[in-house]
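Consider the two complexes below, in which chain A is the common component and chain B and chain C are the respective partners.
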Partner chain A sequence: VKGTRVRFGVRRLRRVAVQLVFLVAIGGMVAWLGSNLSANLRRLGFSTDYSFLSQPAGFDIAGSDFDSSSTVLEAMRVGTRNTIQASAVGIVLATALGLTVGICRLSPNWLLRRLGTMFVETFRNVPVLVIILFMYLAVVLKFPPIEQPLRPLGLAVVSNRGIWLPAPLRGFVPLVSVLVLGAVVAAVVTAALARRGARRRGLAGGGILLVALIAAWASAGAGLSVPQQAGRVVTGGIRVQAGMVALVAGLVLYTSTHIGELVRASIQAVPKGQGEAAEALGLSSSQRLRLVVIPQALRIMVPPLANQYLNLTKNSSLGVAVGFAELTLVTRVATSSASPAPQAISVLMGVYLALSLLIAAATNLLNRRLLAAGQR
Partner chain B sequence: VRRPRLRRAVPALLCVLGLSTAACTSSGDDAKPNAKNASSTSVLDDVKTRGKLRCGVNKDVPGFGFLTPAGTYAGFDIDYCKAIAAAVIGDSNAVEYKPLAAAQRFPALKTKEIDVLARNTTANATRDGSDGATFATTTFYDGQGLMVKSSSKFKAVTDLKDTAICVLTGTTTELNLASQFRGRGIAYEPKPFETVDTLRQAFVSGACDAWTSDKSQLAGIRSTWPAESGGPAALTILPDTLSKEPLAPAVLDGDSKWASAVNWVVLATIQAEEFKLTQGNVDQMRTETTDPDVKRFLGVPLEAGKPPFDPGLGLPVDFAYKVTKQIGNYAEIYDRNVGPNTALGLPRGQNALWTSGGLLYAQPYR
Partner chain C sequence: MTSAATVAQAPPPVRRERIMRGPVDTVVTVVLAALLAWVAWRTARFVFVTGDWEIIRVNLTNLLVGLFPRGALWRPMVGLVASVLALAFGVGATRPIPTGPRPPAPTGRAWLSAVSPAWPLLLLVGVLLGLTRSPVPVVALAWLALGATAAWAAGRRVPRRKAPWAIVGAVLVIAAAAGLLVSFGGPGPEAMGGLLLTLWLALAGILLSFPFGVLLALGRRSELPAVRLVSAAYIELTRGVPLVALLFMGAFVIPLLLPPRPDPLGTVSRALASIVLFTAAYVAEIVRGGLQSVPSGQVDAALAVGLPPLTATRLIVLPQALRAVIPPLVGQFITLFKDTSLVVTIGLLDLLGMTTSLSAQPQFLGSDLQAETLAFASLLYWVGAYSMSRASRRLEARLGVGGR
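Showing the complex of A and B:
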């Protein structure tokens, strides 16, 4: 027994040593490539530092307070904000549409099923850039001009320069933050009550949510700012730029087909016996779905769903084609004016990497929770 | 059981070590010739041995650089590509055109994907400095302008308050627009586009009120405006000029031999006009002229039996003759592509010889 342990130790040491050598080799390689790049850049007379970030940008960005005297860093911040906005809205809408499509594809209704299939096969098989360009050139640009916009219900302004929607008086930030806080409190309280086996815990949670909703509404100004148009100027409301409309529409149409297929596949991947067993226990069809099938389907669905969210976020860089000032466009404008391309692009890559890791972390958390719930 | 494993591990280890040493040695080998290339061999020699000039051009601007329906390139800048090829290689058709988007052109120049950039490019300090370009003599003095629909109420820049303005990204135009409107205190919204096609669609549909670019380009776009959209009369170029835009061919920094060669091809077209040498009369002048300046310029011996004048530019002694014979002088290039009798109909204006009140002035060839 003793001999085995020693042998085991040696083997382990050897493994660690091999991996260390590997690490050193790879690290050396990266360092060599980096020093080669910076040496060559210096030889060609290019700067290798990041001081350009604090230089004035010299260009303007539509739909923001940013102007040409602000710094390049500020420009990239505005670009990042636009990227996050487009991706976040896109992820929410793509998930909603994807769920609908996936459920339609499994519907016993012939028409719904066929419509679902048609939708998936159409948008899945066209490059996302083409969909975005189509949405911009053939849809958004065909909206009426700003001087005579559409005013659906008198609440919004729709023109080919963008869509203005009614917004809470103090914006969305207080609204969303209070709502999220309320939801967390409701979830914690419901969970605590559930542990004690209290009845009517759902009612308590619902009550807290209702209070949070009212509080959120009040903190956001307790009223609506409705956009008003006069000539070429629109005041009030919240603006969605024309490029963002086309970008988000394109991303949502494309990604929702993939999400729809994921939903369908995950539900079908739950063994048929599970549903049948639930039926034998006397559960109704909605209980069967809610308590047995969906929880198991979710566990299959979440990891690939994260991939779709990552793809959507990265594809938002195609906003460059329709003049939406997301991060990639801003970086391109910056590099073509005075910023050094290698450094600017390294910042660009860093931001996308951070966003992707954030999404991955969030979905991993969800995934772990789902797995834990399954094992319980 | 253990020994074979060790035997398997050793080669793997050697492999890793071998890989890294291979990388190290190859790095040393690579670095040296590169450094040598930069210092001793010029693009001028590369172009001569290759027998082909790689020219970065535009394919979307009528009159300056565009792809004709027949699939060939034509325009003012294209003629300068041809002139350089005629001077260096002796054949104006020995050009490989590389169509480039505005934002690609300096990266293409830096990575030596092209030998020369002749793509309606404004010479300025940043491009000369950090972008690593060396500019030849200006071939076209341009200025930034604004184009609006004739049916609109806009008559001058000051009318453009609260408008959206379409602009190509990656151009000096975008930066001028920002600084000019800021300076005049006019609120506006920039609509940046990557390609002219998307920008045109946005302009047609009224998503932007004005289109800003160099006036020469606007004139080119206006001249080919489709009849079903009202033809050229449907568009108006506002009288205001927002900036100076001297357009010039550019080469990569650090190769003065090549830069000089390109510069002297441009100067030769101007000098040829000053000498009144044209495509039609240059053969005759070459044999009949008695003017020593013209003889030097065309590479004819000043006295029989003596070698012709060679200023040591690395170009053939008769390069100016070849350029004039194959492409023509500046006036011919101008009139053929953008002059009053073309669709663009641009008057010579500032782009006339210094002897007739313009800005074109060639340094003496001697």
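Showing the complex of A and C:
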């Protein structure tokens, strides 16, 4: 007994020693790299802290009211806003297209299924940057010049300098925030009614959503601002820069193939017996999908879907290749003007990490709600 | 991605009545057929009528190898031939692991099932034939295919017991082929460009990141909290940032992290370093999945017969884990093959970088041929990625992973 106790002590000592050696090795390497870094920065005349963030930027950002006398921090804020805008629009559109493609691939119509397969196999096997560059150089830049733009339905202005879309009179911010608020209220009320076992809770939720929709419309100005073009000037509407059109189009085409495959695989992964049992109980085909198949497919789908959203957000950094001033391009321009590269790139990585964590947290929350009680 | 592919099952068998069943179905079918015909017509018109393919024909060598010294072109060629033969030999030597009743042999249209896996490659050969208007590349490729078939047949004759050695040999030959490019007086990675650079970054990236990834995966499952924490932090932080940010770091920060010396690493090597740092985190997660798939009873049994823990990991856990992760690793390689195109953001001339720089050539200045050049690059990427993903699905079936 005594012998084992001694050996146990030796083992614990060895564990501690191994970890200490490991940490010292890692710490030593980091310290060595850090001392090289600060020596090199000083040699090249760069600052070794983050004071560059409060310096004037010295460059302009196309398509925004940012001017070169504002600080680098302000430039990165504009870049982050553009990154979030492109990612958010991309996520919504890619989900819509991906759902469509995934359902097409399960359709009983042979031709529809085949077209879905063709779409997926075409865009999945080409690098997303190639798609984005193709969209930019061979599609968006080939749109007609701003003097003779396309006017689809008279509602939008399409030119090689960008696309102008009709927008709510007071912009999208009040519209979206009121809608989100309404959706949250509707979800809370429906959940509360469900706890009390109230019938017609769906009706109540729908009613709240309808009210929210009307309120959102009113708060956004209750009208549309349609872009008007005269010569080289476009007034009204909302401008989407040429780079953003190409970036979002490329991201959506590429990511929707992955989402489509996810949707298809998740629906197919629901055991067949579930659908057959629902049929045997006499549920209609829409009830079978809505109440039995889709809830189970969603549970399988959400974690990998979150991964695709993360990928899309990270891939939005490819705006750097098409001149869209998202965060990566802003950082690139800042480092080539006066900002020290290591610190600027660390800020860039920090923002992407924060965005990744945000998306991961949101989808985890959704996932926990979707999981059945026994699976938590 | 790969998990989606493995879960996916073959669509239900075609039934002819399903395209004209009821009015809605008929309308959908007619509209789709019209759409398809329009797309096909536009594509055919672009390829055969409006497209100007002179720019590709003139620059074919540039697209394939970039500015690689023309006097050293024999190196990639010898390397390519050796790799293809070794790969065919290795594939021939791997036996499918019997996992129950064999699938019934395909009946009818046997020639179709023999040709259909290769149709993207045949398409590529056709495009090359049309572009060069010379039989030389096609004849060379035919010889290569013949040689590969012979090597495959030779691989089939390797007895089952010696098959692992045949596979190790094939891997060594491929590594030697890569070495021929960068050492023995070769021009080195900095001289590479075009498709050669793309393949170099993808191959060297996956091979170099593999040991690093295995170590990270083991570290993440270690009993020592310090090791576990550092590994997990590295993996999660790396997976949270885009590759472009890491490439920027490689291009602008790595030189600052090293003692001041004139250009300690070339731009290609720094890009490769970023790719390895990035891919290692993904490889680590794949390997971790494999480690988790090994039943804990295996470790218990190994420890019970008296193996020390490290030996148990090396001899019992890792071989089973690594076999399970071959298909997702191939998937990661395909992703990397596509992702190497991001090096254009730091100004490297890989296949995509070469493609976009072609229109700056004096004789093509202002001729506006971006659609043509990008279409050709897309075709090369597409054939590569599509063929590899189909091959990996076959490999998955062959290894019987998940089938046991």
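Just so it is clear, the second predicted complex is superposed on the first by the 325 of 376 C-alpha atoms of A that agree within 3 Å, B and C clash if a C-alpha of one lies under 4 Å from a C-alpha of the other, contacts with A are read in each partner's own complex, and residues count from 1 in each chain.
Everything that follows uses one rule, which is that a residue touches a chain if its C-beta (ideal position, glycine included) is under 8 Å from a C-beta of that chain, and two chains touch if they have at least 3 such contacts.
The shown structure was predicted, so the numbers you read here are calculated from the model rather than taken from an experiment.
Participant: Tell me the contact category for A:365 with respect to chain B and chain C: first, second, both or neither.
Facilitator: Touch status of A:365: no partner.
Participant: Between chain B and chain C, whom does A:242 touch in the aligned arrangement: first, second, both, or neither?
Facilitator: First partner only.
Participant: Which holds for A:25: it touches chain B only (first), chain C only (second), both, or neither?
Facilitator: Once the two structures are laid over each other on A, A:25 reaches chain B alone.
Participant: For A:137, is the partner it touches chain B (first), chain C (second), both, or none of the two (neither)?
Facilitator: A:137: touches chain B and chain C.
Participant: Look at A:341 in the shared chain and tell me whether it touches chain B only, chain C only, both, or neither; answer first, second, both or neither.
Facilitator: After superposition on chain A, A:341 lies in contact with both partners, chain B and chain C.
Participant: So, does A:161 touch the first partner chain B, the second partner chain C, both, or neither?
Facilitator: first
Participant: Quick one: classify A:69 as touching chain B (first), chain C (second), both or neither.
Facilitator: first
Participant: Figure out whether A:281 sits in contact with chain B (first) or chain C (second), or with both, or with neither.
Facilitator: neither
Participant: Touching A:231, do we find chain B (first), chain C (second), both, or neither?
Facilitator: Once the two structures are laid over each other on A, A:231 reaches chain B alone.
Participant: On chain A, what residues does chain B touch that chain C touches as well?
Facilitator: On chain A, the residues that contact chain B in one structure and chain C in the other are 18, 22, 36, 40, 43, 133, 137, 320-321, 332, 335, 341.
Participant: What residues on chain A touch chain C, complex-wise?
Facilitator: It is residues 15, 18-19, 22-23, 26, 33, 36-37, 39-41, 43, 105-106, 108-113, 115, 121-122, 124-131, 133-134, 137-138, 258, 261-262, 264-265, 268-269, 304, 314-315, 317-318, 320-321, 328, 331-332, 335, 341-342, 345, 348-349, 352-353, 356-357 of chain A that touch chain C.
Participant: Applying the document's contact rule, which stretches of chain A touch chain B when the two form their complex?
Facilitator: 7, 11, 14, 18, 21-22, 25, 28-29, 32, 36, 40, 43-47, 58-63, 67-69, 133, 136-137, 141-142, 145-146, 160-161, 231-233, 242, 320-323, 325, 329, 332-333, 335-338, 340-341
Participant: Touching residues of chain C toward chain A in the complex: what are they?
Facilitator: Residue positions touching the partner: 1, 3-5, 7-9, 11, 14-16, 18-19, 21, 25, 28-29, 32-33, 35-36, 223-227, 230, 237, 239-245, 248-249, 252-253, 255-260, 338-339, 341-342, 344-345, 352, 356, 370-371, 374-375, 377-378, 381-382, 385-386, 389.
Participant: Quick one: in the complex, what on chain B touches chain A?
Facilitator: 2, 6, 9, 12-13, 16-17, 19-20, 23-24, 27, 31, 34-35, 38, 102-103, 106-107, 110, 126, 130, 132, 162-164, 169-171, 174-175, 177-179, 181-182, 188-195, 198, 201-202, 205-207, 209, 253-254
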